[in-house]
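These are the structures in question, set out in turn.
The same chain A turns up in both complexes below, where it pairs with chain B and then with chain C.
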Partner chain A sequence: MMRTVPIKVVLLGDGRVGKTSLVLRYVNATFSEQQTPTIQASYLTKRLNFNGAMVTLAIWDTAGQERFHALGPIYYRDADAALLVYDITDKDSFDRVKSWVKELRKMAPKDIILAIAGNKCDMNSQVDLKDSERYAASIGSSHFNTSAKSNIGIEETFLDIARRVLEQKKALAENVPASTQRKTMVIIDEPPPPPPPSKCCS
Partner chain B sequence: MGKQSCIQLGGCCQGKKFHMVTIPLALERRVFGINFFRQDLELVEQIDRDVKRTHPDMDFFSGDSDFSHENQEAMKRALFIFAKLNPGIKYVQGMNEVLAPLYYVFKNDPDRENMVHAEADAFFCFVELLSDVRDNFCKQLDNSAVGVHFTMGQLTALLKKHDEELWRHLDTVSKVNAQFYAFRWITLLLTQEFDFPDILRLWDSLLSNPDGPLEILLRVCCAMLICVRSRLLAGDFTDNLKLLQHFPSVDVHHILKVADEVKDRA
Partner chain C sequence: MALDESSKLGWVLRHGTGKGYGWFRKGAKTKLRDLYSFSLEVSEEDAAVLNDLKERVKETARVWRAIEESKGACWYSQPEISSLSDSSLVSSLSVATLANAMHLKKLIRKGIPPSFRPRVWMAVSGTVTQRSTVPDSYYSDLTEAVKDKVTAATRQIDHDLARTFPTHPWLNSPEGHRTLRQILVAYSFRDSRVGYCQGMNYVAALLLLVLKSEEDAFWMLAALLERVLYSDIYSENLYGCHIEQRVFKDLLMKKFPRLAAHLDLIQFDVSLITTEWFLCLFAKSLPTETTMRVWDVLFSEGVKVLFRVALAIFKMKEAELLSTKHVGEAISIVQDTTNRAYDPDILLKVAFEDLGAMTMYIISEHRKKQQPAVVAELEERLQRVNSPRSNRPTQVLL
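Showing the complex of A and B:
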């Protein structure tokens, strides 16, 4: 019997950006406008045949609201990949992606594969696509525009994750540096925030 | 309250529709300063989006009729006022689920005189109920002796005491951490695990318990695990987690009976 490679993927991102819808579209091929907010992390699996290799994606769809963030590490500390989701109609949710990346750098495995999904791409974007792609490249992540509603880009996103995790595992098994992309990864640290305007406040 | 002294906060996410929350303007300005408007607007929008997704299968909560809208507005007001009165917790996703059974029951009171006060009654009971369980919603208390991790630990201990074989299988063999399934059971008082009529039946027991809802809630959670024990014992991590995250339809009367037995053997 062929061996199945397990790949653990964790979805992170602000509340209401569509993480659950993205996964349900991918795993169950369903979509609901009235998706109930996620309170704890949901666990879903999907088996795929990737160029002859059997892969089981174990997907953790986490809760987005800030209150639940303290529960995060249990889901991503041994993850193979993280899919960071933002809502292209909400610029703040893209900034949250950046803070998730910082947290992953501290808490997650060093070689975790990153992918970024700009969700709701069936709507008008408030985020500059070039900016987000540049940012993704700067952290060694791929970037996809997705829409759970119109079923755009989702298959590609997860396939990309599976491909890169498999490549990394293979490279690791052959004991060579994982991937050149990650070897030459550049971490762009953001400039310090400007000093607060001097004013009297409590 | 005069018109001049009030502001009505409107969420813009529905386009043409405004969601009214009336705040005494002068008071708010004095207490919260100028930033309050933006914060409150965000809060109103957040509550609005979640309330509309309460029990999407039930017309009472999520329909498009005037009646559904009236119910949504009442729930939004209750959650907003709670958030303002509890700035340490504010609004946490899922609170709408906890408010829903209360409001539903009061709103369906056959006595019209009672029914017209459904919103106020539901709000009062919601505050009372949350005073027992709100620590579970508070991130700062997560790792304290009243936080949700401690409560989940109590559940695990209870299971160990009453069904050590099942506890060992979950803990050691299939490694299904209670946080993966019981977090939602506990914070939302089982409102996302059962059909609405079953929730009402369970809550009758939860709310009538002289020792408070948490004590019986833990016994019910323990009973839920025991009710599916043979499937759990046969399952691995994935099977068990999926089973517990999508709890199968089990007769709630049976669950309550097992929960009673858990008490007797305590």
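Showing the complex of A and C:
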């Protein structure tokens, strides 16, 4: 039997930017306009076949309200990747992404893979998406425009995360010292592949 | 549940009491509304449990009405029975009062009928007492004074109104939103240190459904936060919540050392799911009537009830949890158990009969023990997050 690679992804971001909706769209193919606020966190899994490798994504969805952030470490402590979500109609939620990045830099595993999702891209953007993409590139993260409502960009986001985590795990398995391995990743990813042509919000 | 040969043919035999017993088609779903108008889609087996529960609730209501007829209205208003474990107080009470209180405590554990809940909750939780210390116009004055103010709390409340039990017909109506908003906003000004914390919305919403009075719901929310629950549970850094989670872990380790060790082994930090239980008082996890039954005892006996119920959930699935290999599996088992705990009596029986002694004194001792660690942890996190530079020299990407 083929071995399944477990990948732990944690979703972080401001309240009601659509973290839960992204996960439910991805895992259950459902969407609700009135997703209830997440208190603390929930956990869902998705199995996928990635170029012949079986992967189980263990996705941790977390609470957005600021006072819950002190609980963050128990989720991202041993995470392979963090998906930082903001709402493109809410500028402040992008600043929250930046503060999460700072926190992860200090507190999370040092080789954690980062991805940023600008959610609700079925609506008019209040943030400069070029800026977001530049910022993402500067921290070695990918950036995707997503819409849980219209099912845009979500599959791509999680596939990108799975691909990069697998590459990193492979590099580790090939016994490359961790420090140079991370740099290798950076070289591969910098500049990050241009985001898929925006299907909306442009 | 014992399975039979016939389960292969698509039928399941369920052993239980009352109408929860019988043959059910596997996988068939039924739509129904529970006692508080939440719509559910459940298996036929669970639907039978719920129907049986409705009958039992009617029977309980008959018992309570009979008592009221013989003892008079408001017979349950008396010294707070949660203090009965305090022996000095017990000796000061007359035998008759004491007998009455013990009787009430037993009755409440069997469940307060929905029609009696508003009055009984207000009486036994101390809400009536708390409210009597301020002028009658307190609530209307407060709501009037704050009605146009905008704060971080009111903004967050506005975000959450339409997302609080959106499937409930009244809570999802403009009237429901307006009422819930008023309560939460008023409370955020009553205690600006707490402001508004997600979780309070679910609690306030269920209080509203039961009490059917905005002002009563406000006062019960206040009594809960200020008298029943541990202080600072919802405060800015969730200090009280962190303490309760650590206390719960201590108790789990003490009561079920084997289970605690196993969960530790599979790296299941139980606070991943129990935080929600303690912040929403199970409103988001257990079926409505089961939540209400937990609240019945919470208001009458105090916060130790939350620990008992949380431990009972783990106890009920101890064997299954011991055979789990990873955290996801364990979480699914626990969540499935809470989501389908349609029979409150099964859960409460475990909580009150199968866990041994657990007094408020023990809980306070554990809280005291955990305080320094929580203070240190919160401070350390603040320092690291606010420090200008990364602690990680290897981090070269920024």
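Convention: the second predicted complex is superposed on the first by the 177 of 202 C-alpha atoms of A that agree within 3 Å, B and C clash if a C-alpha of one lies under 4 Å from a C-alpha of the other, contacts with A are read in each partner's own complex, and residues count from 1 in each chain.
Please note the rule applied: contacts are C-beta pairs under 8 Å (C-beta built on N, C-alpha and C of every residue); 3 or more make two chains touch, one makes a residue touch a chain.
Note that this is a predicted model, so its numbers are computed, not measured.
Return fit or clash for chain B versus chain C, each positioned on chain A through the superposition.
clash
Under the stated touch criterion, which partner chain does A:Lys110 make contact with: chain B (first), chain C (second), both, or neither?
second
With the two complexes superposed on chain A, say which partner A:Lys102 touches: chain B (first), chain C (second), both, or neither.
Touch partner of A:Lys102: chain C, not chain B.
State whether A:Arg67 touches chain B only (first), chain C only (second), both chains, or neither.
Once the two structures are laid over each other on A, A:Arg67 reaches both partners.
On the superposed three-chain arrangement, identify whether chain B or chain C touches more chain A residues.
Comparing touch counts on chain A for chain B and chain C gives C.
Could you say whether A:Gly140 touches chain B, chain C, both of them, or neither, answering first, second, both or neither?
In the superposition, A:Gly140 contacts chain C only.
Name the stretch of chain C, from among 61-69, 151-159 or 385-393, that runs into chain B once the two structures are superposed.
So the stretch of chain C colliding with chain B after superposition is 151-159.
Where on chain A do the contacts with chain B and the contacts with chain C coincide?
Residues 15-16, 32, 34-37, 39-41, 43, 45, 58, 63, 65, 67-68, 70-71, 74 of chain A touch both chain B and chain C.
Quick one: which bits of chain C touch chain A in the complex? Just the residue numbers, please.
These residues of chain C touch chain A: 156, 159-160, 162-166, 172, 197-199, 201-202, 235-238, 242, 267, 269, 271-273, 275-276, 279-280, 284, 326-328, 331, 378, 381, 384-385, 387, 390-392, 394-398.
Can you list the residues on chain A that touch chain C in the complex?
Against chain C, chain A makes touches at 6, 15-16, 32, 34-37, 39-41, 43, 45, 58, 63, 65, 67-68, 70-71, 73-75, 78, 102-103, 105-107, 110, 138-140, 179, 182-183, 186.
Give every residue of chain A touching chain B within the complex, in rising order.
By the definition above, chain A touches chain B via 15-16, 32, 34-37, 39-43, 45, 58, 63, 65-71, 74.
Under the touch definition given earlier, write down the residues of chain B that touch chain A in their complex.
46, 49-50, 52-53, 56, 62, 92-94, 137, 139, 142, 177, 179-181, 183-184, 187-188, 192, 238, 241-242, 245
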